Amino acid sequence: MGVHQYFKSLSDLEQIIRCPGKFKFQEHSVASHSFKVTKIAQFLGTVEEKCGQNVNWRILYEKALNHDYPELFTGDIKTPVKYASKELKKLFSDVEEEMTRKFVEKEFPSEFQAIYLERLKEGKDETLEGRILSVADKIDLLYESFGEIQKDNPEPLFLEIFEEALRTILLFQEMNCVKYFLKHILTDMLNERFTEHDELAGIAKRILEE
Amino acid sequence: MGVHQYFKSLSDLEQIIRCPGKFKFQEHSVASHSFKVTKIAQFLGTVEEKCGQNVNWRILYEKALNHDYPELFTGDIKTPVKYASKELKKLFSDVEEEMTRKFVEKEFPSEFQAIYLERLKEGKDETLEGRILSVADKIDLLYESFGEIQKDNPEPLFLEIFEEALRTILLFQEMNCVKYFLKHILTDMLNERFTEHDELAGIAKRILEE
Amino acid sequence: MGVHQYFKSLSDLEQIIRCPGKFKFQEHSVASHSFKVTKIAQFLGTVEEKCGQNVNWRILYEKALNHDYPELFTGDIKTPVKYASKELKKLFSDVEEEMTRKFVEKEFPSEFQAIYLERLKEGKDETLEGRILSVADKIDLLYESFGEIQKDNPEPLFLEIFEEALRTILLFQEMNCVKYFLKHILTDMLNERFTEHDELAGIAKRILEE
Amino acid sequence: MGVHQYFKSLSDLEQIIRCPGKFKFQEHSVASHSFKVTKIAQFLGTVEEKCGQNVNWRILYEKALNHDYPELFTGDIKTPVKYASKELKKLFSDVEEEMTRKFVEKEFPSEFQAIYLERLKEGKDETLEGRILSVADKIDLLYESFGEIQKDNPEPLFLEIFEEALRTILLFQEMNCVKYFLKHILTDMLNERFTEHDELAGIAKRILEE
Amino acid sequence: MGVHQYFKSLSDLEQIIRCPGKFKFQEHSVASHSFKVTKIAQFLGTVEEKCGQNVNWRILYEKALNHDYPELFTGDIKTPVKYASKELKKLFSDVEEEMTRKFVEKEFPSEFQAIYLERLKEGKDETLEGRILSVADKIDLLYESFGEIQKDNPEPLFLEIFEEALRTILLFQEMNCVKYFLKHILTDMLNERFTEHDELAGIAKRILEE
Amino acid sequence: MGVHQYFKSLSDLEQIIRCPGKFKFQEHSVASHSFKVTKIAQFLGTVEEKCGQNVNWRILYEKALNHDYPELFTGDIKTPVKYASKELKKLFSDVEEEMTRKFVEKEFPSEFQAIYLERLKEGKDETLEGRILSVADKIDLLYESFGEIQKDNPEPLFLEIFEEALRTILLFQEMNCVKYFLKHILTDMLNERFTEHDELAGIAKRILEE
């Protein structure tokens, strides 16, 4: 009942651990993830701007900062569940939206409700900023899974996540920032010294060549 | 692809933390919770037997042991989400069942599939054993929330969980084991030395008197 | 002084970490271990039943569920100490039994004492259910050490534990469930992708051939 | 050696724990703190805009997002040390700036260096956005210390931090967002249910009345 | 097989957590405990010296530093077990000594064996240094339990430990350092601000007056 | 205000984690590190004594025990910062000394101030005991970095720390204890079974041959 509840809720995002139910050497909270996605989006936006695109920075930062806030209401549900069926996925979005709406109407004074409803809605749309968010979200996921693979986590799930994240990034390969990422950043990542190097580089090479 | 995967999956239940997204002094995994629920069900069954009820122990232990195994596929989704709408709740059960069925068919040799499909289905039915499971599950939840309240966790959610758990137990108040619990165990719990004592005892008294 | 103390004590088993004094990537509590042993015993019992053995399920579940409860009184004492001498081992069992008896007499109302004394006594006897417990206990230990070895824990102790657990399982190799385990489950475990693969497979092969 | 190193460094900020050397019930990383400060700054900026101020959102988000990045090079040095002497404080800023400059010149391609030098410099200046950052940084610190006090952390340091943070916020009391914070948010915070309530409310009252 | 193993074993003492099987807000390792006991013994020795006693500092430091090293072989066995019977206690000491002897003979070159056998033997004898060790060991235990009580740990065990530790210290009340401790240090401890203050001060007062 | 504050401060050293800001498989506190350095110094002193050197044991133990106590005031500042410039390093020492002096004068009764000022001053001087401390401090750092490298921590920093620690030890290679360490202990360390073995042995060989 007030902005105080909203400020307190930010700390709850530090308590939601991503990828629950699997052993991880290094855990990441939704709060940390949101920070990193926003920083990555900042870099990607900078690349787009250098290439002549017009970036709406306010929108970009807001999309990135808020993109996982609704996990406050739902937790980090396992991806396979969320997308188990089209029908469920649709229902899930509806529930998230509904809970977000209720939260905003309960906690925010009326003069702030419209702006927060706008800020907390799904940000991955077809705008330049929405696409940068989609890419930034997957780049952080790529780094999370890379961190586990590099530390020799034997769980094959992390290779699958790496692969899925890279495939999603490639859906946006016409973007300048994705081109930059693939050429300059992914290359450095795959050149890192580590045990499963061959397997990982093989997966990446295969996906890129497809 | 095989029972080895099933055995490995047991350890994943140690990685799912109950009540994600809230600060807790003491965390509990789904594996630990399942152990405690089975031990509590053992005691409740013993009370029922003493009172002349016929307990099918094999069924009781299997229900208790397996009752949260499907969280392996879905994670510990926040209860408000799960029950946000009747429609969603129904869909959720369907998804859980479907994923469980797929897991059993993929990992278990065919001669074990029927028995594991039976073991992993929803256990909270109208049988004596199903009702004991419902009560045992809520007693452990009562203890989890009591533990936080007793340690002065300022989050009001734990008082709400305590209240909700106690209300659900009272739905089964005609059972011998619930009568025993209310008379002998809850009393001792509420007599424990702690700061918020008055508030907690007040809630319990109010619910019991309703 | 009452069943409330017994219910509370279940949570203390979540605080006893197995294999103290050695760095572990993934820690396991006695509560989680008890859950996994009971689930493994369930599978082993199922195999025995399929092979025509008569399994007393109530007894099997009770043995598995309760087999480490006395660690509540003693902690997880290092195995080398426990078995440092025949004399000490005998004394240790005596002390565990005595402390368990005192606990039951102090916390349980008299009408439940006999049944809990029976439930909490050493379960690894010569019955089918006792032998299944012995095997299930070692299979979970095998998985715990395998988990560390697969994550490249450099501590040689985990290879020793793996070896000792496998040797103990082999003492029961005439059992149907052990035959099934060796043929179908251990094989899959040893085929997992990991660094020390050769060394581990070598150890297992050597033990099996002896 | 590339933007890859910069992306990897974001995860190092998850490893720097704020307020080292004191027992805390809940730990906060620099990454989480940066996320929360940016979210708080977003709200404060919204209040300023509603009151007719012209907010440069791009600048505000960048200041908030990056304000503790240089802790990557220095760690979270205890505040009393940092400000032990004017001379040391000045030297410290110089060192931070120098290390940031070296990092940018080493890791970023030349076309990005100017923009990142700008982004990573000290953000707490006299502009509206710089002052919002100063306030948002202290509000999160206030919440961190409040969280410990509310959980009955006996360490008096957290009362001192609460006091110091509130005093700093009051230095900006002519700002619309600070007026809003004091009137609507702080009030709700101090009305929360908790043990040390009287003492904390007393401190806040005394500071506000001075 | 060599001093390298001895150096590595020091890190294992960081993995043994004191008081296993009970929820604690703050955990302490045997390594940290040994450090604190040695620092406390240093202060107590200083008091004795000021009062004219002749302190053998080398002996005092060695006793304090090494006094829990044999827990490397046995773990932190719960005190009630260790002392469950005179017979068991005696056997336990014998086992610890035997395992220490074997370790020294296996890992240390022969020229160092005598000195390390001397260093690792039980240090709590009737000498001034042995008595200082007994007191320092209990003072750290007093602080550990005080820390839990002050943070409102509801487990009554910590009040019992506090009481037992204080009683043991009083057995040495003729020592100058104990007199100093009771007069100057315990008083300040009991004057600390905290919730259970009355109960704790009551216990201490009662013990001191007995 | 009293020795009670000093005793309490010892526990704060358990809360300062060494090498902040980098992912580590195993964390080490300043308290544990101090314990291990003192134990290592004990062994090195023993070697010196065997070789005919006259060791002042009281001084040696006090230097080792107290060498990182001032981190209580400053935290574990990243080494590159501390030594970023000669000027800063000097200022840093001054600040540490000043804060230590203030602490001693505030917390210790006047009769203990002189002895504690002496005990808490920088111990790494040119005396035999000062040089043993320098070596022991780096040996523990060598073991800390070795532990990470052996567990396949992909962060190159740990190879750098290993290299830097070994180089510093070699500065004292004329000492008997360093000769013993290089010949008997380092050899065993480098013969340990682990993945990055070749790379690590290569670094050590190169440094030793320089």
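For clarity, chains are labelled A, B, C, D, E and F in written order, and residue numbers in each chain start from 1.
As a working rule, contacts are C-beta pairs under 8 Å (C-beta built on N, C-alpha and C of every residue); 3 or more make two chains touch, one makes a residue touch a chain.
Keep in mind that what you see is a predicted model, and the values were worked out from it rather than measured.
Chemist: Chains shared as neighbours by chain B and chain C?
Modeler: The shared contacts of chain B and chain C, listed by label, come to A, E.
Chemist: Of all the other chains, whose mean CA position lies farthest from chain C?
Modeler: Of all the other chains, the one whose centre lies farthest from chain C is D.
Chemist: With residue numbering as the guide, point to the option in B-C, A-D or A-F that repeats D-E in over half of the contact pairs.
Modeler: A-F
Chemist: Taking shared residue numbers divided by all residue numbers at the interface, is the value for chain A and chain D over half (same) or under half (different)?
Modeler: Both copies, chain A as well as chain D, present the same residues to each other, with over half of the numbers appearing on both sides.
Chemist: Turning chain A onto chain E with a C-alpha fit: angle in degrees, nearest 5?
Modeler: 180
Chemist: Could you tell me which chain lies farthest from chain B when each chain's centre is the average position of its Cα atoms?
Modeler: F
Chemist: Taking the mean of the C-alpha atoms as each chain's centre, how many Å separate chain D from chain F?
Modeler: Inter-chain centre distance comes to 32 Å.
Chemist: How many angstrom lie between the centres of chain C and chain F, each centre taken as the mean Cα position?
Modeler: It comes to 41 Å between the two C-alpha centres.
Chemist: Just give me the whole-number Å value for how far the CA centre of chain C lies from that of chain D.
Modeler: About 50 Å, centre to centre.
Chemist: Quick check on chain C: which residues sit in contact with 2+ other chains?
Modeler: In chain C, residues 11, 13, 23, 25-26, 147, 152, 195 touch at least two other chains, as defined above.
Chemist: Which label fits the chain touch graph of this model best, line, ring, star, complete or other?
Modeler: other
Chemist: Write out all the pairs of touching chains, ordered by chain label.
Modeler: Touch list across chains, by label: A-B, A-C, A-D, A-F, B-C, B-D, B-E, C-E, C-F, D-E, D-F, E-F.
Chemist: Taking the complex as given, what residues does chain B use to touch chain A?
Modeler: For chain B paired with chain A, touching residues are 11-13, 15-17, 20-23, 71-78, 80-81, 84-85, 87-88, 91-92, 95, 98-99.
Chemist: So in the complex, which bits of chain B are touching chain D?
Modeler: Residue positions touching the partner: 23, 25, 152-154, 156, 195.
Chemist: Spell out the residues on chain D that touch chain B in their complex, using ranges where they run on.
Modeler: Within the complex, chain D contacts chain B at residues 25-26, 147, 150-152, 192-195.
Chemist: Across the complex, what residues on chain D touch chain A?
Modeler: Touching chain A from chain D are residues 1-8, 10-11, 13-14, 26, 28-29, 31-32, 34-36, 38-40, 42-43, 46, 50, 57-58, 61-62, 65, 109, 111-112, 115, 119, 139, 143, 147, 184-185, 188-189.
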